[in-house]
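These are the structures in question, set out in turn.
In what comes next, chain A is part of two complexes: it sits with chain B in the first one and with chain C in the second one.
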Partner chain A sequence: MAAVAARGCGGAVCRRAWQRGVARKARGGAVPAGKSGLAPWVPVVGLEIHAQISSNSKLFSGSQVQFAAPPNSLVSFFDASLPGTLPVLNRRCVEAAVMTGLALNCRINKKSLFDRKHYFYADLPAGYQITQQRVPIAVNGSLSYSLCIDNKMSQMVTKTVRIKQIQLEQDSGKSLHDDIRSQTLVDLNRAGVGLMEVVMEPDMCCGEEAAAAVRELQLILQALGSSQAVMAEGQLRVDANVSVHHPGEPYGVRTEVKNINSLRFLAKAVDYEIQRQIEELENGGTILNETRAFDSKLGCTVPMRDKEGKQDYRFMPEPNLPPLILYDAKSLPANVSHQQVVNIDWIHERLPDLPSVKRAKLVEQYGILPEHSFTLLQNEDGLTEFFENVVKQTQMKPRKVIGWILNDLLSYLKQHSLTVKESPVSSFLLADLLNLLEKKEISAAAAKQVLAELWKGEGKTPLEIVKEKKLELIQDQKELEQICQVVIDGHENEVMAIKAGNRKVLNKLIGLVQRETHGRSNPVLVKQLLEKKLSE
Partner chain B sequence: QVSVALKEGQVTPTQLCQRCLALIRSTKFLNAYITVAEETALKQAEESEKRYRRGQPLGVLDGIPVSVKDNFNTAGIETTCASNMLKGYISPYNATVVQKLLDQGAVLLGKTNLDEFAMGSGSTDGVFGPVRNPWSYSRQYKEKSVSKSHSEDEESNWVITGGSSGGSAAAVSSFTCFAALGSDTGGSTRNPAAHCGVVGLKPTYGLISRHGLIPLVNSMDVPGILTRCVDDAAVVLGSIAGHDPKDSTTIQDNFMPFELPDLTDVSKLSIGIPKEYHAPGLSSEILALWSKAADLFKDAGAKVIEVSLPHTRYSIVCYHVLCTAEVASNMARFDGLEYGHRSDMNESTESMYAATRREGFNDVVRGRILSGNYFLLKQNYENYFIKAQKVRRLIANDFVKVFRSGVDILLTPTTLSDAVPYMEFIKEDNRTRSTQDDILTQAANMAGLPAVSVPTALSEKGLPVGLQFIGRSFQEKQLLTIAKWFEKQVKFPMIQLEEVKRLDHGVFQHQKSASFS
Partner chain C sequence: RAAAELLAHLERLALVDFRDAEGVERLQKAIQFADRLQEVNTDGVEPMDSVLEDRCLYLREDNVTEGNCTKELLKNAREKVEEYFVAPPGNIPLPKLDEQETFLQGS
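Moving on to the complex of A and B:
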C-alpha cells in the first residue's frame, strides 16, 4: 500500500536528469539508460506544508495571534495548558481551512475529527498537539503549478501535484536555547495558533518543482487570505520528503528535510538531498529513514540529532471536541443562519479569484502574454494592481505598458530591493510618463531618461522633467528637416549605400539624427523625412 | 429548610458559615477537607447577609455553605488534586460550576479530600492521607461494632468513605456543609455517597460543564452532586447545569431548573432490575435490601421487571483501558514547566521531566500513565483502545435497548457491600479495589447516563447502604422524582454524631431534616 502511483514526472518530463553521481549538478538531456547498464535515478519529492492560519485568535482559545509580540504576552490559560482548561474550536480557522480545501479542489469532509498527538517537548505545554490524524477536514485535492524550462519565460510547463489532505492543528510554542547559561526559555505566544497542514503527494521530482508548487500554494493562500504565508515569518513552513529509485522499481527509503525557510532554500535543499542520496547509493551505501535539517549556510542537509529514533506519538481521539460537522446547502438544517454553522456552499460562492483565474483574466482583458501574467502575479504582492492602475490612467495599450512594468519598474525595484508599495514612482506618475510617450511628445529614449529622474523621487512630474531637460520631441518639422539634411550631407557613403539598395543603413542615419537631437526626435517621423529626402 | 430559616432571619449566613467552620474544626480528624477557606467564606457570607438584609437574596442557594472537591479549580484557593504535583497550586480561574455556585450566593467553605487525581475508590490514596467515614463515629456504628471487635483498638475500626469524592461525601454527611461537589468518572460520587449515607447524583454527560474540573477521563467525567436529600440535589443541579461555551461537550440548550413533585402514584412506572448487577461479591445484605426496594415499588403498583444488560461484565476491563489511556494523555501536561511541582534535577530537560513526574505522582497515577501509554502504542492501539471503544458502544447500546423496551428507570445496588474498615481496605491495592468497587456504577459512565445513589438503610454493622437509580439521558427530573419518592418510603435514619451534638445549639435543629430546600 505504501507506493503511490507515480504521477507528474517520469524522467522524461523532468528537465533535470539525475544520474550516477559524476557531476554534482548534471544538466541536459535524459541519461541514456542501458549504455552504462544502469537505469537513471528517479527522484521523488513530497511536501508537508504548515500554513499558519490568518485569524485574530488561536485555534482553540481566545488569545490573539500576532507576530513578534513580547514573549508570553499572548497566552491564555488553555494555551499554557492549565489543568481543567478545554479547547473551544475557532470558527474562523475552520472557514479558512474549508476555503483552502475548496481552492485546492479537495473533497471537504462534512464530518472531521480531532486527535491528540503525544510527545514531550518544552514548547508543547500539554504534552500533546491537537491535530486531525484520522479524518482531516479536506482530502483528495490537486494543485496545478507552472514552471519555466531552463529559466526561459517563454517555455512554461504546467504540472499537477495531488493534495492528499489538509488538516487543522495547533502550532507549538518556541524554545529559545541559551547555551551560555545552559537554559531553555519558552515563548508560548505561538502555542495554539491554528495551522493548516497541507500534505502534497510525492508527485514532484526536483527542487525547482517543489519550489514552484509551494509558490503557487503561497499565492493561493494569500489570495484567499487564509494565511499570510510569509515564509520568513514562519507562516509557511515546508518539510520535504525525498527519495530516489530506479524506474520501475519501488520507491526508495525517504528522508525528511526540515528547517527550510525560503523558496530558494527549498529548491536547494531538495536538490542537494537528491544528489546526496544518489551518491550514497552509488557508493554502495544505504539511505536511512531519518529527519535531516537544511543548513542554509553550508547549503547541505545534516541529520537532526534530537529527532533520532522513531517516536510513537500514541495518537488518541481528542475527547473534549465533538466531531466537526460542516454543512452544505442540502444538509443545512432549517432555521440556521450561516453564522451558526459552517456552510461549505456559502463559502464556495464567496471564494475570491484564484491566481490561475486572475492570470487568465489578465491575458484576456489586456491581451498580454500568458508568461507576463505569471510574472505579474508571481513576483511581488501588488504588482498586478500597479499594472492595472497604470493601464487605467493611460492611453497606451496594456501590451506596451507591461514592458515598462516588467522590465523597467521590476528591475529597478529588484536592484534596490524595494517592494512595489515602496516604489518611488507611483502608478500615477508612470501613467503620466507613458501618456507623454503615447502622445508622441517624447521619444522612448527620452522616456527612459525621465524615468531615471523619477526614481530619484524628488517630487517632480514627468512633464516638469521633460521641460527642465528639454526632452520634448522636436515638433517643428522644418527644424527636423534641417537636421536630417545636415546628417545626409555629412554621410555621403551611407547615402550611396542606401541608394544602392542597402536599406539597413537607413537605420544608422535615423540613429544619427536621434543622437543629434538628443533623443528628441520621433524615429518614425525621422525615417519618413530621410526617405523623402533620399528619394529626391 | 435552612433556606427558609435564612429568609426568615432565624439564622444569618454568617452564623451559618461560622457554625459550619466550627464543625469543620471539630471534625478535623475526618480529614474531609484539604483546604478550608475560612476568610473568603466569611466574606462571602457577609455579602450574602447584606443581600438578605436588603431583601434581595440571589436565590435558594444564597448563603448556603458548600464545599468543592479539590479537583475543581478555584481562583485564589489552592487546588491540589491531593497530589504533590499540584501542592500549593493556586488556579487563576474558577471552574464553571464553582463560578455558578458563587454567582448564586453560595458560600464556599473549602476544598475536600480525594484520591490523588481522583484515581481510587476509597479516598485513601491522596498525599493528605485517607478520609474517615463520619459513620465510624456514629452511635449507630459504635453500638454494633463494639460488641464484635471489643478487643481491637477503637482507632483501627474506622471505615473508609469510598471514593474518590470521599471528602465531599464526609463533609456533607458530617453536617459541615449542605452540599458538596464531587466528580464522577466510574462511580466516584455515588460510591462515597452510598458509604456515607448521603445522596450522590451523577448527571448526564454533557449536562454540566467540565471546564475547570481537572480531568480523569474526559469522555466520562461529570461533576457530581452530594447532598443530604434528593430535593437539595435537584436545587444544586438547577444552579450548575446547562450549556457552557467553554466546554464544547455540553448540551447546546440552557437548562431549565425544576422542582421535584411529590410523586403519589408510581403505578405507571416500569422499573427495570438488571440481572447482571447481581454481581459476584454482592453482599447478601445488600441483595436483600435491593429486592426489598423492588418490592416497595411493586407493592405501590409499579411494574417491576427483570432486564438484561449483557455487556455489563466487560465494563470494568473496558474502563481500565479507556481510563488509563486518557490518564496517560491528560497527565502529560504535568511536566514541571508551566506550573506545579518542578524537580531540582536540571541536567537536561528530559531528566527534569522524569524526576518531576516521579516525585509529583504517586504509584497509582504513575501506574495508570504507564499502562495507558502501553495501550496507545501503535502496535496495541487497535487491540486495546479501539476494542475498548467498541465494547463501550455495546455497553451503551444495552441501556438504549432496555430503555427502548419501555423501562423508565433501572434500580440497582450502588456498592457490593457497606464500607469496610480502613485496615481491611488497604490490604488490597488500589487497582483491585477500584475494579471491585466501580463494578455497579461504572456502566452508567460508559453510557453517559444519569444515576443517583439514595441512602436506603443501615447495614447490620450500622453503616449506610445506598441503592442506585439509573435514568434515561437528560431525564434527571424523572430520575430524581422517583428517587425522591423512594427516599420518602425508606426513611433513612439520621447519623448520630457526638461531635455534631456538642455543637448543636439550635441552628442544627433546622438541619435535623437535613435539607436546605
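Moving on to the complex of A and C:
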C-alpha cells in the first residue's frame, strides 16, 4: 500500500492539496515526488450516515428494538412482510428526527412524504424499504466540527459541513453468510427498526475531516438521545463517497466505500481510497463508479460483488401512508388530540445542551482551554463528570487539575484499556492527592509516584503512600539550608559561573539538591535559598 | 414499441417473465392504453399519489406490543436452521441476456 500523502488538509478549500508522495508501483522501486511536475489533486469526500433511532419499538410496528436477542424473536407480522399487514408510524421516531434536524440547523419540512425503494435481498422480506426519497423530514442544515492542526492539541480549527437532508427509513434484517453450506441465514430482528439517514454534502477532503465530522455527529446524537450512535453495535453506519479532481476542473467519478466499522477505519478507508484513485488516474487509468468495501485487515478497499449491474430502485409513493404533517406554535390545530400532534417549537424549546454549548460552558466555568474541553467531551464517557468531581473536592485550580486528568489519568486508562468508570483511582482519591500537592506537602514529582502507587488499587490513601515511601517535602528550612550549603561547597566552579552572571547553572545546583533530598525538596524554595546564599 | 433491451431490463428488475411474443404484444397494448392519460392537461396540478392525502397520519405511541412469535413465523419457512430463515446465498443470478433473447424469439 502506498504511503499516505499530505495530511491535515484544511478549510473548505484545501490548504495543502494532495500531491503524489513517494508512490510504490506494482513492480519496481519508489518514484520520487514531483518528478513530472504533477498538478495537485483535490479530494472530495461526502458521507451517508445511518443512525439507528433509540426507541422502544420499531418505526412502523410494535415489535421491540433490542441489540442481541434470540433470532427472529423481535419480529411482528408486519416486519416479516406477511400479507394483510400495514405500517403504523411511531411518534417517538418522528420526534427523534425532528430533534436531530433542529440540532443540525435544518429546515424541518412541515409536510414530508414516504416512498418505497425496491430491491431484492433476503433480509428485505417486503422487497422494498419504506424511506423518504421525495420530501424528507429535514433539509439544508449544517454541522460544525473541530480539528487539531498538525496533530498537536495546541491549535484547533473549526470546519463546517452542509447537511443535505435527514430522512426516516426502515432498517433491513441481518444476513449471515454460510459459504460452506452455500446458504444465507436471515434474522429479521433488525428489520423495520427506525433509522435516520443523514446525508452530508461533499465538503470534506480527507479521512481526518470525515472522522471528526462523524465524531461530532455522534456526540450530538448521544446528547439528544435520539440515537445511542455506537458504531460497534451497528447503531451508526457510515458510507463514504470519494472522488478526486484537479483544481478548476469538474468533480471526478466517485466511488462509494462501505463496511466501515469505526472512526479510525473511516479515516483509513477514505485516505486509502483517495490515494488509490490518485495513483490510478496518474497511471492513466480510470475510476469506475462502483461500490467498494473496506477491508480492515488489509487496510484497503476492494470492489464489492457486482449487484446485478445498474440498480433501478423504482421509487414510488408509499400508498399506505398519508403525508406526515408537523406543526409549530402558530399552526397548532384546534381540535386534534395532543398525542397526534408533533409540535416543532415545543421540541425546540426542550433541546438539551449540544456538545458545542457544553464545551463553551466548561471553558467559561473552569477557565480551561478549548482544546481541553474537546478532549474531555470527545474521549470518554464520564471524563467530564470525573473532572468536575475532582474540582469540587480540591483546592487546586481547575486549570491545574485538568493537566492531571488529561495527561496522567487518561494515559493510565488508555494504557490499561479501562473506561473512566473502571478507574482504580476514584475522583475522591485523586482530589486527596492533589490537595497534598497544593498544600506543598509533596512535590509534583512525588505526586506522580503516589499516583502510580494508587493505580495499583491496593486501597491505600495518598497520605499513607507518602508516609510509606517517605515522599514528604522537607519542611525544616534549616535542614534544607544545610544541604544547600553542602552542594554549594562541593561545586566551586558552578558557583563561580553563577556569580559571573550565568544564571542557568543555578538549575544544575537545584537539581543536585533535589538529588540529595531524593526529590523531597521544593524547587522554588531551594532556588530562593541558593540565591540567598550565593549573594552573601 | 418497447425495445428488446428495455424489456429484458424490466424483466430482470421486476422478475416478471413476458414469456413469448404474445405476452410482449399484450404489454405493448397495455402501454398504449395507459398512454391515453397524456391527453389530459395537468399543467399546474399537483400529482396525487395517495387517496389518503387529506387524512391524518396516525402516530402510534412508542410501546412494545408485538413480536415474540418466532415459532409462528418459522412455520412459514420451508427450511430453517436454529430459528434462522434460510435463503440462497446472495441473489440467484438470472440467465444471461442472450440466453433470454433466444427464449423470447424462439417461442
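The working rule: the second predicted complex is superposed on the first by the 492 of 536 C-alpha atoms of A that agree within 3 Å, B and C clash if a C-alpha of one lies under 4 Å from a C-alpha of the other, contacts with A are read in each partner's own complex, and residues count from 1 in each chain.
Criterion: a contact is a pair of C-beta atoms (placed from the backbone, for glycine too) under 8 Å apart; a residue touches a chain by one contact, two chains touch by 3 or more.
No experiment lies behind these values; they were computed from the predicted model shown.
With both structures placed on the common chain, the touch criterion links A:C106 to neither chain B nor chain C. In the superposition on chain A, contact of A:V450 is made with neither chain B nor chain C.
In the superposition on chain A, A:V88 makes contact with both chain B and chain C. Contacts of A:L176 after superposition: chain C is touched, whereas chain B is not reached.
Once the two complexes are laid over each other on the shared chain, residue contacts for A:F315 go to chain B alone; chain C is not touched.
With both structures placed on the common chain, the touch criterion links A:L74 to chain C but leaves chain B unconnected.
By the touch criterion defined above, A:S63 lies against chain C but remains apart from chain B after alignment on the C-alpha atoms of chain A. Ranked by how many residues of chain A each touches, chain B and chain C are led by C. In the superposition on chain A, A:A122 contacts both chain B and chain C.
Residues common to the contacts of chain A with chain B and with chain C across the two structures: 77, 80, 82, 88-89, 120, 122, 184, 186, 312, 314, 319-322.
Partner chain C is touched in their complex by these residues of chain A: 55-57, 61-64, 70-77, 80, 82, 88-94, 113, 120-122, 175-179, 182-188, 305, 308, 312, 314, 317-325, 336, 339-340, 342. Contact residues on chain C toward chain A in their complex (touch as defined above): 9, 12-15, 49-50, 52-70, 73-74, 76, 81-91, 93-94.
Touching chain B in their complex are the following residues of chain A: 77, 80-89, 116, 118, 120, 122, 125-128, 184, 186, 312, 314-316, 319-322.
Residues 72-73, 79, 81, 86, 91-93, 95, 210-215, 217-219, 245-249, 325-326, 328-329, 331-335, 337-339, 349-350, 353, 373, 376-378, 381, 385 of chain B are the ones that touch chain A when the two sit in their complex.
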